[in-house]
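In the two complexes below, chain A is the common chain; its partner is chain B in one and chain C in the other.
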Partner chain A sequence: MTNAIRSWVKALSGSGRLGLVLVVFWLLIASIGPFLAPYDPGAFVAHDVFAGFTGAHPLGSDYLGRDVLSRLLSGARYSVGLALAAALLASLAGITLALLTAVSPRWLDEGISRFMDTLISIPSKIFSLVLVAVVGSSLPLLLLVASITYMPGSFRIARSLAVNLAQMDYVQVARCRGEGAAYIAIREILPNMIHPMLADFGLRFVFIVLLLSGLSFLGLGVQPPDADLGSLVRENISGLGEAAPAILMPAIAIATLTVGVNLLIDALTGRGRRMAGKE
Partner chain B sequence: MAGPATRGLLATALPLIGKRVASGLLTLLLVSMVVFFIAQLLPGDMAQELLGQAATADAVAALREKFGLDRPAPERYLRWLVGMVTGDPGYSLVANMAVSDVIAARLPNSLLLAALSALVSVPVALTIGILSAMHRDARLDRGLNVATLSMVALPEFLVATLAVLVFSVQLRWLPSIALIPADASPWLVLRSLAMPILTLSVIVIAQMARMTRAAIIQQLSQPYVEMALLKGIKPARVVLTHVLPNAIGPIVNAMALSLSYLLGGAIIVETIFNYPGLASLMVNAVTSRDMPLLQACAMIFCTAYLLLVLIADTVAILANPRLRNR
Partner chain C sequence: MNNHVEVRGLCVKAGTTTIVEDVGFSIPRGEVLALIGESGSGKTTIAMALMGYARLGCRIAGGSVRVGDTDVLSLDEDGLAALRGDRVSYIAQSAAASFNPSRRIMDQVVEPAVNHGRLDRKAAEAKAVTLFRSLALPNPESIGERYPHQLSGGQLQRLMAAMALITGPELVILDEPTTALDVTTQIEVLRAFKQAVRDQGATAVYVSHDLAVVAQMADAIVVLNKGRIRENGAAAQVLERPADEYTRTLMAAARPERAAVDAPKATAAPLLEIKGLNAAYGTTPILRDINLTIARGATLGVIGESGSGKSTLARVIAGMLPPSAGSIRFDGAGLPPSLSMRSREQFRRIQLVFQNADTALNPAHCVGEIIGRPLAFYHGLKGAAATRRVAELLDLIKLPASLAERPCGGLSGGQKQRINLARALAAKPDLIMCDEVTSALDTVVGAAILDLLADLKRELGLAYLFISHDIGTVRAIADDIMVLYAGTQVETGRRQGYHGVARHPYTDLLIGSVPELRPGWLEEQGDRPAPPAIGQPKDGADLCRFLPRCSWRVGGTCEEFTPPRHRTPGGNIILCHRPEGASEGAS
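Let's look at the complex of A and B:
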């Protein structure tokens, strides 16, 4: 097992390994971050607001004199967790609908596809703003908004894969054998879609992290007292003129997370493509 | 002027373009339905909101009748749709003026910012894309690949705050707020817009450059490229005169997608730099639940997106060399 992992990592490019490190780092922070926080994230512990890097407060203090490192460590949970859940929901819903259209009668396929094409033509930020205006921004609703916004994209990719796979010989054979639609969708088509859909899931995760932190930055996302990384940037925006770490650090945190995922996916899909070329 | 070749091109291209226009209009109609019916999900309505909690039921009913809110949803949708098309998208509760007036004050700002950003980003993106495609898998290409991959995933507020820190806090070159007085000289306008343009460009350049690279590389493996190279034509010329026309379709498509982002995606940039554009207007509409304004903004952004896609499709059809020689 460890050998398999080691050779898997060895096959990654340099940037892919950097991405892997960043992804693992943020997953760890998101799961155990709150326990590592040196201070209570809500407590006013520093003497100065917008303090720089000091021994007591490694990432400085925020606009109320709270410890930025502690707030970052507990805010990552929201950014990573919400986005992970939303991306999972979007991908699962997209794949399920795509499988449904692949084995359903033509009229149903065309109806669903047309509807999804319509949703795709609404720019994602605009779509999510309209949704947030209507449903509000509690945590479960934000999760829902993000997954509805990015589900059509996932559906489109999954459908094009599923439609191609449905033409394969082994699927035709299964059909002639008299297998049911559910069997064909789940046992014949689905297993061959998993790999590309995993890459798509990663991209969707990146989009959703950016969307949710953007919404929080606008004050429309995660609401106080909860704070994700985007909220941290928003609440410290007045420190911009002083170049306070309180505004830069959360923004850099989001960037390392999204860039990390992107680098890792690129390394994985790039390798897949090269291997496919060699065969 | 119109030789047989041109006439042949128009004869084959026009039906194709007409089809795209029709499909675009249909999509726009469906989008308007989605936008309208999502807005209907909001509990309470305009009359209730205007008069507040203390209003008598009679007063609310009277106002409802005045705005036509007592009509069934399909009828209200049709009225709204006709209003949108004829340039009267309703009345903004929060601004207390016609939505068209509110938007008319902001739209030119958004278009200016988008146009200037496009002017900067398109040439840079094309250059990066072509350079990395020509030096495929060389050190330059790998470097640019990691750079654009990272840029794609950067949050706008990081780019914007870094720009402010460098150019207005450290170097003191540029103002950190993009408020333009009415009588500003073009130079002053450019100076105030420099950082919003820079931020938007960084975000869209990466995506466009990646797509350009991919489109060109796909062509590079074609036999006609090998033929041209074997004939001894310089690689740079092969790419510019032989490959580029064939890759123009996907490239223009990527440009359209990225440029549509310059309008609706400018939300965060407009907020950070206090720029009075359409996207920040839409954010205000969300915070104040000003549905008529919100719906109108959403429709403008969707129309702009579909228009850009349509232009890209048309360019791709017209530029397709196979179609031209038929």
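Let's look at the complex of A and C:
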């Protein structure tokens, strides 16, 4: 197992390895970050607001004098965890519906596809704003909003893959054998679309991080006293003029997370293509 | 300096693997040399090296190539660019993929001459039209105005030849130029090529895997295997007195011996019986009035050119396309028209084997899973019993049982086709439909698959519906043969019935177009007589589909009435106004 992982890492390109390091780093922070935080993220511990880098507060203090490092360590799990869950939900729902359309009669395919087109035509930010404004912000709602927003895109890609694969000879063979639709979808089609869908999943994850950060920046995301990376940027916006670490650090955090995931995905898809070319 | 082209000690390597090793030959000016071998023998690599070109990842590691006074391998990029497409030109296998679909034919054909500064645009177009005429293309003045998608494969292949010849090259390289064409088209293209190359006085290298085609084109033959020369000699010597063991293997595979066992005496109830079958994709009719029977343990060969509806017939029988009219009876009982109405038992008894094993095997599954699925699905075999049965089946198709764990991606074409077959056998069917199962394979490998099919038939008493475009293959395996043309069944009968002289004009053309394995055959054929003049075909009448191409058509009858079915002296049933088909006789 460890050997397999080692050779897998070895096969990655340089930028892919950098991406992998960043992704692993952020996953670690998201899972154990709150335990590493030197202070209570909600406590006013610094004498100064927008303090610079000091020994006691390595990343300075925010607009209320709270420790930025602690807030960052606690906030990462909202951004990463919520985005991960929403991306999973969106991808799984998209793939399931796509497989359904690939093996179902034409009217069902048309129905689902047009419904998805309708969803796609709604601007995602406005949709989220309306829902949050009507219902009020909460973690489950953010999860739902993010996954509904990104599910149609995932469905579109999965459907075009699945419909193409459904025309392959091996699927025709399975049809002639009398196989049921479920077997064809899960055993014949699904394994051949996993690779591109993984890449798509990574992309969606990045988009959702940005959407959630955007919502938080507008004050509609994760609500105080909790804060994700986006709300950390927003609440310290007045520190922009002083170049305070309080606003730079969360912004850098968002950047490294999304860039890292992108680098890793690029390396993965590139390799998938090369492997496909070899066969 | 007598020889025009001289190759010495040529080596081509990909990384550390040697693809071509120490190959040398020479061609006198104006002669045609054939490079022949199976796929992977390095024949295309050598042809490319003649232009100083190695494909991505390969490099020319040693040796020399001389064309005229030029040492090709010592040229720099500019020198090579001046050489290629001007003094040395190349005709690729698939002309359809080699033309740019968004530009007119003429723009592409004159390009080499204009780019190399041989001719100005006007002169080049005039020369192109002359070439079109000598290549026997229809409407030579206006064909250049058309786009590639408006032309047939055979026409594009000849246009590609025009493009290659327009600069008046001294060396022409033809890389499998007729492999993708139907036999009836191939003969015309071969004749056009031969004439055009001779008129130009060019030296030619003809790359092919088909000995019979090479016999018509070449003055000398080089036989290759795994990047090495096995035999090099004059065409007549290589074909008549092959000195090398491998050449003899190739010769034997090129004309398959009759591999089939004779069918058992027809029992009272046939296994498969089709009456008055019609099928259509949407509103486009594909098959019209098909009638056939297959006895238990018998083989029916279905033959026709691409687009004749042979694969559609198999799809209809398999239930993938419900027929628009007619009945299919299997083992005495009616077979439901569509997949969803059939029982698992009905599925089990008819198995379809697809042409292309590369796409018919799911790359995500390993060999054991692929063969094991029908076992579990139809027979409920699981665990150790299934593993044992998979091993038995692998043994039956002469593959090692250790292959079961492997994904099918890394296997050779022949191995994949065997696994494709084993999957069908695993169902224990009564009828196997083979759709062009040998077409994508090398001759030697294809011959082995045919032998395997014959063995299985003898051991398991299977019936086959064997679809092919190659009459040699069908004759080697089938008891009965059905000829399809444009979705109509133009001739049906016992295999022996096709030896007689009286046959349908299309069957006659089909059989007459298969090159024989001796030089000079092409010249003997002469030009096919132009179809006799007839009146305007009657609108709305259900006329003979072969009418526009038929050399035997009868004015006053063929363009007016629907052709009847006749029984020929050989016992075949033909769909033609002339009871004697394509033979002289009182009509």
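As a working rule, the second predicted complex is superposed on the first by the 274 of 279 C-alpha atoms of A that agree within 3 Å, B and C clash if a C-alpha of one lies under 4 Å from a C-alpha of the other, contacts with A are read in each partner's own complex, and residues count from 1 in each chain.
Here is the rule we go by: contacts are C-beta pairs under 8 Å (C-beta built on N, C-alpha and C of every residue); 3 or more make two chains touch, one makes a residue touch a chain.
The structure presented is a predicted model; accordingly, all values stated were derived computationally and were not measured.
Q: Based on the superposed arrangement around chain A, label chain B with chain C as either clash or fit.
A: Fit: chain B and chain C sit side by side once superposed on chain A.
Q: Which partner does A:55 reach: the first (chain B), the second (chain C), both, or neither?
A: neither
Q: From the overlay on chain A, compute the angle at chain A's CA centre subtended by chain B and chain C, rounding to the nearest 10 degrees.
A: So the C-alpha centres give an angle of 80 degrees.
Q: Could you tell me if A:240 is touching chain B, chain C, both of them or neither one (first, second, both, neither)?
A: Once the two structures are laid over each other on A, A:240 reaches chain B alone.
Q: Could you say whether A:119 touches chain B, chain C, both of them, or neither, answering first, second, both or neither?
A: In the superposition, A:119 contacts chain B only.
Q: Is A:220 in contact with chain B, with chain C, with both, or with neither (first, second, both, neither)?
A: In the superposition, A:220 touches chain B alone.
Q: State whether A:188 touches chain B only (first), chain C only (second), both chains, or neither.
A: In the superposition, A:188 contacts chain C only.
Q: A:173 contacts which: chain B (first), chain C (second), both, neither?
A: A:173 contacts chain C only, not chain B.
Q: Tell me which touches more residues of chain A here: chain C or chain B.
A: Partner touching more chain A residues in the overlay: B.
Q: How many Å separate the nearest C-alpha atoms of chain B and chain C in the overlaid structures?
A: So the smallest C-alpha to C-alpha spacing between these two chains is 5 Å.
Q: Can you list the residues on chain C that touch chain A in the complex?
A: Residue positions touching the partner: 318-320, 339, 342, 344, 347-348, 351-352, 354, 356, 359-365, 373-374, 377, 409-410, 423, 427.
Q: Show which residues of chain A lie in contact with chain C when the two form their complex.
A: Interface residues on the chain A side: 168-170, 172-173, 175-179, 187-188, 191-192, 279.
Q: Contact residues on chain B for chain A in the complex?
A: Interface residues on the chain B side: 27-28, 30-31, 34-35, 38-39, 41-42, 145-146, 149-150, 152-158, 161-162, 164-165, 169-170, 176, 260-261, 264-265, 267-268, 271-272, 282-283, 285-287, 289, 291, 294-295, 297-298, 301-302, 305-306, 309.
Q: Hey, which residues of chain A end up touching chain B in the complex?
A: Those in contact with chain B are residues 15, 114-115, 117-119, 121-123, 125-127, 129-135, 206, 210, 213-214, 217-220, 230, 233, 237, 240-243, 247-248, 251-252, 254-255, 258-259, 261-263, 266.
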